[in-house]
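As written, the chains take the letters A, B, C and D, and residue 1 is the first residue of each chain.
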Amino acid sequence: MPIPAPNLYPPFNTIRLSHVCLNVSDLAASTKFYSDILGLQVTDANDTHVYLRAMEERGHHCVILQRSAQPGTVEVMGFKTFDEEDLDRAEAFFQSQNRPTQWVERPYQGRTLLTSDNFGIPLEFYHKMDRLEPIHQKYALYRGVKPLRIDHFNVFSPNVDESVAFYSQFGFRVTEYTEDEESKRLWAAWMHRKGGVHDMAFTNGTGPRMHHLAFWVPTPLNIIDLLDLMSTTGYVGNIERGPGRHGISNAFFLYILDPDGHRTEIYCSDYQTVDPDLEPIKWDLQDPQRQTLWGAPAPESWFQHGTRFVGVDTQDSTIAASPIIAP
Amino acid sequence: MPIPAPNLYPPFNTIRLSHVCLNVSDLAASTKFYSDILGLQVTDANDTHVYLRAMEERGHHCVILQRSAQPGTVEVMGFKTFDEEDLDRAEAFFQSQNRPTQWVERPYQGRTLLTSDNFGIPLEFYHKMDRLEPIHQKYALYRGVKPLRIDHFNVFSPNVDESVAFYSQFGFRVTEYTEDEESKRLWAAWMHRKGGVHDMAFTNGTGPRMHHLAFWVPTPLNIIDLLDLMSTTGYVGNIERGPGRHGISNAFFLYILDPDGHRTEIYCSDYQTVDPDLEPIKWDLQDPQRQTLWGAPAPESWFQHGTRFVGVDTQDSTIAASPIIAP
Amino acid sequence: MPIPAPNLYPPFNTIRLSHVCLNVSDLAASTKFYSDILGLQVTDANDTHVYLRAMEERGHHCVILQRSAQPGTVEVMGFKTFDEEDLDRAEAFFQSQNRPTQWVERPYQGRTLLTSDNFGIPLEFYHKMDRLEPIHQKYALYRGVKPLRIDHFNVFSPNVDESVAFYSQFGFRVTEYTEDEESKRLWAAWMHRKGGVHDMAFTNGTGPRMHHLAFWVPTPLNIIDLLDLMSTTGYVGNIERGPGRHGISNAFFLYILDPDGHRTEIYCSDYQTVDPDLEPIKWDLQDPQRQTLWGAPAPESWFQHGTRFVGVDTQDSTIAASPIIAP
Amino acid sequence: MPIPAPNLYPPFNTIRLSHVCLNVSDLAASTKFYSDILGLQVTDANDTHVYLRAMEERGHHCVILQRSAQPGTVEVMGFKTFDEEDLDRAEAFFQSQNRPTQWVERPYQGRTLLTSDNFGIPLEFYHKMDRLEPIHQKYALYRGVKPLRIDHFNVFSPNVDESVAFYSQFGFRVTEYTEDEESKRLWAAWMHRKGGVHDMAFTNGTGPRMHHLAFWVPTPLNIIDLLDLMSTTGYVGNIERGPGRHGISNAFFLYILDPDGHRTEIYCSDYQTVDPDLEPIKWDLQDPQRQTLWGAPAPESWFQHGTRFVGVDTQDSTIAASPIIAP
């Protein structure tokens, strides 16, 4: 199945990914991980929720830690729309796709539409979020990996072709993709709204499950600093893969796991994709450099482990794993 | 005069700045500067023109060097529109502003509209440009400062309030600005389309003149490499200011001059500005850290020198220079 | 006067510079500067003294802050000898030079010889200092500029030829030097014991006064981090010069002033000088790139300001300042 | 067996490791690897030998490529002595150890003593080598990983205790070591002369064989640049391990293989070890972080593969491999 043409005039305008709500078992342990180690700033905290933002963000939160009886699951992925009316247009779109929709109350957010994608991933859309003072020049606050902003989500999909087709309808555009040369099926795809390589990526596997969320950092040296810090403060076991450079996206990367197993990518070296006529880059599933340009294989866990969306059943992938299994 | 509200639904959709055509005296000397020293890639060259692109760009050119009897002037600044129809909408808009418009032939570009802004800066808009193969992972080609993409233009304006008002009409949004607290006049403003701090910036002074064009590079270490290279290959006199960090934009910067005096900024550490409700950051003209966060003053030349647009008369600024004159 | 040949078999064996004792007015303010901002670790503190070490050092202290009625003066510069007997040999040497010598008690140090050089700079030599646990892999402790070790001293000398001759006698070797082509007098010289560019440097001017002490850091990015931190925590006025690269020594540098005016250099990119037949590199006083490879001039204060050694009279330089005065 | 006390007054004074001669099958292919990819500078070349130096070195060569019928073997490892007389003292020492000695002619070197260590590793000592002009500030010459200097050798030894005892006699000092807690045998040891972590390291295994030679580079970003270059110019298969940080030595590292299988480490983040009373750091063989601070295991080849010294028989290690085999 070929890559669908981008829909340049989508039914509603999504600006970018915005935030994720993660279900965790121990709020203090998770806060320590995301705040002290990773370096996000706490913007609010109570007995059940901790809100955090990255250093250049002015919206109230990009990560919400939620104390839960189902830790290690993802509650919802959030996106920001261009204007208020886009929320109503989004409601109409998801209803037309026979997806459930409802308006929900979210602290620090304006009107928020809760819905889900074709495989049931809970998505919420909002336009207004409380805006905070800039802190990107308060250098005394920087710590950990010095995360600048949330960059993207990556999810396991049991059918990447269908996921790409679904998100293409509302304007997500493919920047790079991996195709199985034999079946001509998509193995993985990277789709964006905000002008970088991706806001949302899909990779073949039992799903839907979150593969990872990602933060953008200034330079590879910040990632090296994080590795040094984690490996000498009791978190060496939370380092899963990297550092390395992906062939796909050309990103310098590191993958780490939080105390409940949610995976985070630390990421730099993205490129700009605002041109509407940007040609997607195609990778062959047989090319091992698409995963790691430098050749080092990813660990098995990286292909198998993900965190489920709370209450959402998963399906096995519809593509049999090829001998060199890889997202 | 307050900052105008951004026009979120502009009459035509400009995606980003795209390229500049610089008039030069010695094509070989300028090519050496932009290609061997700076690190741009030559995509075509003939007796009168040399075309170059940066490492992650797939459009044919971001800089055109044009052999000219009026070296040290700028021929035109180019912008890319979202679609083909935006060109016609742009024509209608500029005509409504009593600006001259004409359709011109440009090698490697599709239909191209030549017009000018309220102070006469020659602008051209196109939608299609020849697309080239990706080279961002051909690491053997990287050299010089490893420029990834053209980032922005900065021009002297005799009336920044009027420049900002003009560009605001077609959707440029202010991200940061400097205000003279006494007169409440704008001293400088940074405006974007593509989701970074700026595509176009205006600074008070005799104008219109180009202050600089800018390239985005991966890390400050690339800028240090360029300084080492220039200072040991006969170009130490072409280093004008930096390295340093601007308060405004938070950019790590270096300013250099080409053989004809055109100024280029090398730039990293931008931030993302896609939110339509992004609040512009205001700086006080009396705050010296807005220019250099670290305190070092800019040299006099940086405030005085610019390169004229060919055939365009300049006007003195309408704001008397304050004691601490500074863009 | 030519550079003296190195004395490869000196009367006693000095391993390296070791520490400095700085007289300060406000122990809390100075501790904040050296510990919180610069990133040294406090190893002991009482009402009158604070001891600090850098991250890879295992000796007890490299900086001693001493509360004093004569703040802004330097108490003494310390050096470590190869063995215990070298102390007695040093005593004999300095006595042979008609320099005063005495054995003094210093906390955390073994037997310590206090003496002074030919212009009266107070020097102390010891062999044993309390050794502390390694902390260079305790990455949670790193902050500020991440200083790894004290690197060198630099002093104003009223007669650099004589200073170089004096230190050459006990084995300091010249790595680079600046000569006034007309008078054939030394303008400045860099001398080492430990195998880097310098342990001690001399520069022409009213002296003896300390020009600066220096710390070695891993990469230029650490220096950029320090600049960002200082300029947003109330220390922008303490930034004096840089960042830049010296022609001499090839060091990437930054100069900052502590609350009492003591100057510190942050330094990286040294080279190895252990070869006994290493040829000193000669620079011409007329070459501005010897100071800053990239061409930017140093501020006037950098040539004029230094901190005196407590109780030591200074003399004017015996070389008339050339038009382009510069150390 | 405990670590022997350092011999601070050795029978002869070795300054540092100096160079290695590698036997290769295809002089052009090896030259391309070491010069174009790695970035060493060719200082002389003929039909049978190519000489190279690193960027801050002023000695004529640090690597000699020798066309050979026994490619993939090492001809000799070279060391520089403090003075000419040290060569005669070295001859006496090695004769006293019943090691063969002879004076050999080496191009560009003065009087050269060829001998071998207790396991037969061919060693040569010289004092004088042709000195070349400094090129460390000729930044246009820098390429590849920007190697600054040869840093150390690492060899497989069938009995590390005996190797350490042998080198200790002539003044090599242990900086870090790994001990098998059960047998109290040394598993690996790092020994230096020049004031860094090592000039020579020993690791348990079939030996003697060269494990690797190493080059010092300025920052981790240079290593990332090399990875990007190698992986896109046909050398992805030559990348063996890394990037990562060793627990031991705290070095940021990368291991690559040349066309004949000789292993090179690219290395930065060393620390200074000139103190004669520096305490060696002990690591437990059971601690996986001693190898990779960040936890990633080394590939099997890294424990097994080495290159033999030409004409020298190897012996199996006298320590049975523990379950977690590792040098």
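Quick note on the criterion: contacts are C-beta pairs under 8 Å (C-beta built on N, C-alpha and C of every residue); 3 or more make two chains touch, one makes a residue touch a chain.
Everything quoted here is computed from the prediction, not taken from an experiment.
Relative to the C-alpha centre of chain C, the farthest chain centre belongs to A. In terms of C-beta pairs in contact, the better-connected of the chain pairs A-D and A-C is A-D. Chain A and chain D have CA centres that are 44 Å apart.
Rounded to whole angstrom units, the spacing between the C-alpha centres of chain A and chain B is 33. Rounded to whole angstrom units, the spacing between the C-alpha centres of chain A and chain C is 50.
For chain B, the set of residues that touch two or more other chains comprises 137, 219-221, 228, 231-232, 293. By the touch rule above, chain D contacts chain A in their complex via residues 219-221, 224, 227-228, 230-232, 236-237, 239, 243, 245, 252, 289, 293-296. Across the complex, chain C meets chain D through its residues 8, 15-16, 56, 58-59, 80, 82-83, 128, 131, 134, 136-137, 148-149, 194-195, 218-221, 247, 250, 269, 271-272, 274-279, 281, 293. Taken in their complex, chain C has these residues touching chain A: 137-140, 219, 221, 225, 228-229, 231-233.
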